[in-house]
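Lettered A, B, C and D in written order, each chain numbered from 1.
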Amino acid sequence: MKKGTKLLAVSASLIALSLVTNACGNSSSSEKTTLQFFSTKTENAPTYKKMIASFEKQNPDIKIQLSSPSNAGTVLKSDLAKNSIPDIMAVGGDVNYQQIQKAGVLVDMSKESFTKNTMPQYQKMITSISKGGKLDAVPYATNASGVVYNKAAFKKAGITKTPTTWDELIADAKTLKAKGITPFELPFQDSWTTMGVFNQLSSNMVGSSWIKERKNNKTTFVSTYKPVMTKYLELSKYAQKDYMGTTYNDGTKALAEGKAAMMINGNFVIPQAKTSKKSADLDMFKLPVNNDASKNKVTSGIDVALAVSKNSKNKAAAMKFVKFMMTEKNAKLYNKEQFSFSAIKGVDQNDASLKGISADLAKGDVVNYPDHYYPDGFDMTQVLTQTGVNQTKGMSDATNITKSLKKADSAFKSANVK
Amino acid sequence: MQANADLNNNTPAPRKSKKRKKKVNWTLTSVMMVLAIFAILGPLYITVVIALKDPSQMTNVLSLPKQIHWENFKNAWQMTNFPKMFLNTLFITVVNVIFTIFTNSMAAYVITRYRLKNKFFNMMYYYFISAMFIPFNVIMLPLVKEVSAFHMDNIIGITFLYIVFGLPQNIFLYSGFVKEIPTALEEAAEMDGAKPMQIFFKVIFPLMKPMHATVAILSFMWTWNDFLMPLVLLSNPDQQTLQLAQYVFQGQFSTQYNLAFASYVLVLLPVLIMYVFFQKYIIAGVTSGSVK
Amino acid sequence: MQETIKRKPKRKGKKIPFAYYMMVVPIGILFFIFHTIPFLRGVFYSFTDWSGYGTWKFVGLKNYLYMFGNSNITHAYWFTFKFALFATILVNAIALAIAVGLNGKIKYQNFLKAIYFLPYMLGSLIVGFVFKFIFGNLLPSLGQTLHWGFMSSNILGTTHAWIGILIMTIWQGLAFNTLIYLAGLQSVDPEIYEAAALDGVNPWQKFMRLTFPLIAPFFTINLVLSVKGYLMVFDQIMAMTNGGPGNSTTSISVEIYTQGFQGSQFAIQSANAVVLFIVVLTISLIQLRVLNKREERLG
Amino acid sequence: MVEINLKHIYKEYDGNDNYSVSDFNLDIKDKEFIVFVGPSGCGKSTTLRMIAGLEDISKGDLVMDGKVINDLAPKDRDIAMVFQNYALYPNMTVFDNMGFGLSIKKMPKDEIKKRVDNAAEILGLTDFLQRKPAALSGGQRQRVALGRAIVRDAKLFLLDEPLSNLDAKLRVDMRTQIAQLHQRLQTNMIYVTHDQVEAMTMADRIVIMNDGKIQQVGTPDELYNKPTNKFVAGFMGSPSMNFFDAELKNGRVSNGRGLDVAVPEGRLKVLREKGYDGKKLTVGIRPEDIHTEQVALEAMPDAVVSAKVEVSEFLGTDSMLYSRTGETEFVAQVNARDYHKPGEEVEMAFEMSKAHFFDDDTELTIE
């Protein structure tokens, strides 16, 4: 009996303690204006934290609470359901943005002063996926897809010049393979990485108007995408053996260590690869999809766009923070730390690792990710991982391509409701 | 009418005293031992070893670390905001266990005792039992909406939900036990002048101790290891739990095994420590809870 | 004075004091508000086109009809049933074998029991992460060193990914089932075996004719709980494969979560959840009926 | 001064058309030791529980000291009760078990201690006060249950088959103890049992019940010697009374299957007055009223039968002879000196002046 009482006393004091700490957390912030800042990318949190710290110094009456959960989509969706979205949101130009935009809870950014400083082609990427063609988020950072390659590995294989045509790419791959270096490291265990390859092929081979026709059932994957899938499968033939079982983390590691020479994905591969080997000498070039080098474009999309909630109680303060983030100084900081490209005019990416494509980006000579226009429930990665499994199982390419594209069509059809 | 089992007559049935010294089967012992070490402890060994290494030592995963990298724990500790998450999780778990035991045992007692005499309580019994079959997925999104309308999307709110949501299973667990308690005990207490609340808390509640242990363990495990409910309900980063924090390491663009595994160890450790100390009670509790 | 008082005959044994109602009703109401109402709303939404936010309208049975025509959803059912079947059979068979082993004349019995029960204490999420690592890094590198073809690639990246999930599920699920079987085995009176020994029964007959029937109630518990749990399999899939490759390991729960919560098919997946609820309930009830009958026959 | 009146008390349960207890009438005087006896399911426990307040009274009035207490909660009735299985609180020590009722009433601690110590003294439990019930023997638990009632100092004691879980020897001991306790406490006690020996040895008055109805109320002597019906006659006494279906003819009763004995003049007169001459009736005679001594055979020559002993039990002072005359079986309880082996033919005299006669239809005693 006595033991029980003691236990009860201990737990009671524990409850009290937790209550106090929880309550304290709330009360200390209540005097200030507190803004919720939500980010869909977990890995840029440290950079945001730096910006928040200097902003709070300048504006002692404003406190910013950063939240950057790993499964941002789910959290955002439940926030929407709760009807209480964060004051400021940093989202990619993708489904996450589309969902909140469609719900009509965002402030129109087109009139803001800082918007004028952003590159028009990136503004268009936002408006093109917005309901009513509105600019409900201002583009902030963009990413660029291409081929991240290990310079040392290329050197070892005796390759001196990065390929500019498809045939050159395949030839280089053959050379690398002969030297015992994996040409392409494809980390398809993490299914999202399949899109890194597919998007680049697709954006360079299929016109941007195709998706509209597909949505209206005027065309199909089967009728259009055979060449794309052929190249997709050809690339995978030069991948490491267990490419369906390699995780993104392990893939970037192999790339950094020079076991593999190339990874077809975005600029964000570079900082990740460097976590496992700091000294890795990496650069990027655009994926030479076509044999006519002039037709090859960098696939680039909105990595981060900033949006403000219509229902925010502190809209002015929120806008102030967005404006702060949009300043050249902060945009540069972001570029430097995240190896990304800015949507803001005049803020260039000068990192050596990215010089292979930064020129294209600065020119604005880019195409957007096709999957940003896919309907909500359509998951192309599911189709592509199945394709990969089919291949490793030994299915013939012709059958595999037909099967995969048929599956893509039926999945598209069931997602393309309303 | 008075066919109740006699709780007082619980002198253990005379043990079959033919405990002849049986010969130990060493072959079987070694088979079971080897299986336990490799199959069960193996994955745990891997977890700990990885947590203690740095990426450069990962070439031979199974080897013991040449150099122990405690800073993995330090980094994981910081990256997951461990102290805060730990306190949050502890708060949810402890408060849930305490309140579950008091409120759920009370409801289970009354429902079990009176369900054969009273249609209302019988109905309640079937109501709760059938609720056991409702997958959480079905109620997830409507729940999120409702909970935020009540401003309960925080630690205290979720704790409250755990207490309420545990009811069906706990009523199921307690009811088997309550049936075994002779009604004469309550009648004796009634004759002694006790009011219903006094009867429950002074006579019945202490008797339910073995089942309290079971319920406490199961509730603890549930809340400590749950992540779907905190995931959808707790959006404020200061209000999250340890399991949720593990997701930090599963972000799209970064997975650092050594840190992640150090963090897993940090989450598993409290449970393991508890298991080492209370292993006997936990095993006995879970068995009695499920077999009754 | 008292003889004039005429009382209406009461038909109840004894009136239940108000306090007892107070011990159930408040928490019952809370349960109704926070569990039943969301459930009913979920059922309600399955007849609408609500996407989790914004406006909605009634669509009748459209979502249910859509479900049957959607290959992803039908595949999820097929996968879930296959998984639940294999997991239930394997977990129970292996658990029974371990329980028989632990119940044998072995030394360090309590220590071994504690070890075998350990996985039950660990959350599926983290165990899933650990196994993902083992399948993705440890086994392939081991397989490559040993030149074992089947082990040189990550099973989670093949059509056999579900076997990887199955292995992790067995690893974790064994603990509970073993414990229950062990409790069952220990409840058997040793005199029965002594009598059987006198009748000249061989070990296999002993197990099939005596032990197994005697632990039938424990078998029922394990089977019902296993099937129910595995039909709702979720955590380990999210941790290990996210439903892939392709949608080969997408269980019903994962489908509901990913498509209903992250995609915009909330209403359709509400319908799916309602169907899942009915499936789980029906299977559990059938099992209880069949197994209880069998138990009676044996008992 | 406690007087309890039960007036036309009825009990019916849901879904059961028959009354479990019907028309129960009893006036209990101050300090009386009343025993309810009857076969299991006869309603004696239900009646006790209605008095305790553990069951509602369906119809009728329960009056205590002139006040109707039907709707009074058990705790307000000032009644103490001892349960069949003792119902000791397993989580409390003996001391706490006994003091529980008092502490619920918020009695000062030292007063509780005084009372518990006192009760423990009386019951010889002083050394066990700090033990839990599980560590006590059956008899000790029994005494704790009694002690718990004693300390309450209640107006009325109810005991529900308190000895049924004890072994035979202990039961006899406790019987005496309870009787002594009643002497000492001078409170009303109602004691329920199915054991007629307990009833006979302990009661001031016995209430014998069957099928929810009172069969007879009276002192042990009255019930034994003047049972009002066949049920009471058969229930009281061990071994049971021998019953024969017989016909009264020419001053003799015979069943045509071996029994044929004369009825003494006085009894015959009554039977004839009631019109049973030449009619069927039931004859009852207790085993101890069948004799084998020479003196008896000579004294009652027209009630002697010749019987064959089939089983004989030697009980020390007495012998039980399970015998048969013609096709009629009966038991005789004779002096141990008159022991007979099975198979022996023995002459036996029926002491018909002590016989009981019952109407075949109503089963009531003819008198």
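In this section, a contact is a pair of C-beta atoms (placed from the backbone, for glycine too) under 8 Å apart; a residue touches a chain by one contact, two chains touch by 3 or more.
Note that the structure is predicted; figures quoted are calculated from it, not measured.
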Distance in touch steps, counted as few as possible, from chain A out to chain D: 2
Greatest separation from chain B - chain, by CA centre: D
Averaged-CA centre spacing for the pair chain D and chain B, given as whole angstrom: 55
Chain centre separation (chain A, chain C; CA means) in Å: 37
Intercentroid distance (Cα basis), chain B paired with chain A, Å: 38
Multi-chain contact residues (two or more partners), chain C: 12-14, 52, 137, 261
Where chain A touches two or more other chains, by residue: 74, 78, 81, 83, 247
Multi-chain contact sites of chain B, meaning residues that touch two or more partners: 141, 147, 195, 232, 250, 257
Chain C residues touching chain A - in the complex, by the definition given at the top: 49, 52-54, 66, 69-72, 135-137, 140, 152-159, 242-248, 259, 261-265
Complex contacts: residues of chain B adjacent to chain A: 55, 87-88, 90-91, 94-95, 98, 141, 144-145, 147-149, 153-156, 231-233, 235-239, 244, 247-257
For the chain C and chain B complex, residues of the former touching the latter: 12-14, 16-17, 19-21, 23-24, 27-28, 30-31, 33-39, 41-43, 45, 52, 98, 101-102, 104-108, 110, 112-127, 129-131, 133-134, 137-138, 141, 171, 176, 179-180, 183-184, 190-191, 218, 221, 225, 228, 232, 234-235, 253, 256-257, 260-261, 266, 269-270, 273-274, 276-277, 280-281, 284
Complex interface listing, chain A residues touching chain C: 73-74, 77-78, 80-81, 83, 99, 102-104, 188-189, 191, 241-247, 250, 376-377, 379, 381-383, 385-386, 388-389, 392-393, 410-411, 414-415, 417-418
Interfacial residue positions of chain B with respect to chain C in the complex: 16, 22-26, 28-29, 31-33, 35-36, 39-41, 43-44, 46-47, 50, 61-62, 103-104, 106-107, 109-111, 114, 117-118, 120-121, 124, 127-128, 130-131, 133-135, 137-143, 146-147, 161, 164-165, 167, 195-197, 200, 221, 224-228, 232, 243, 246, 250, 257, 260-261, 264, 267-268, 271-272, 275, 279-280, 282-283, 286-287, 290-291
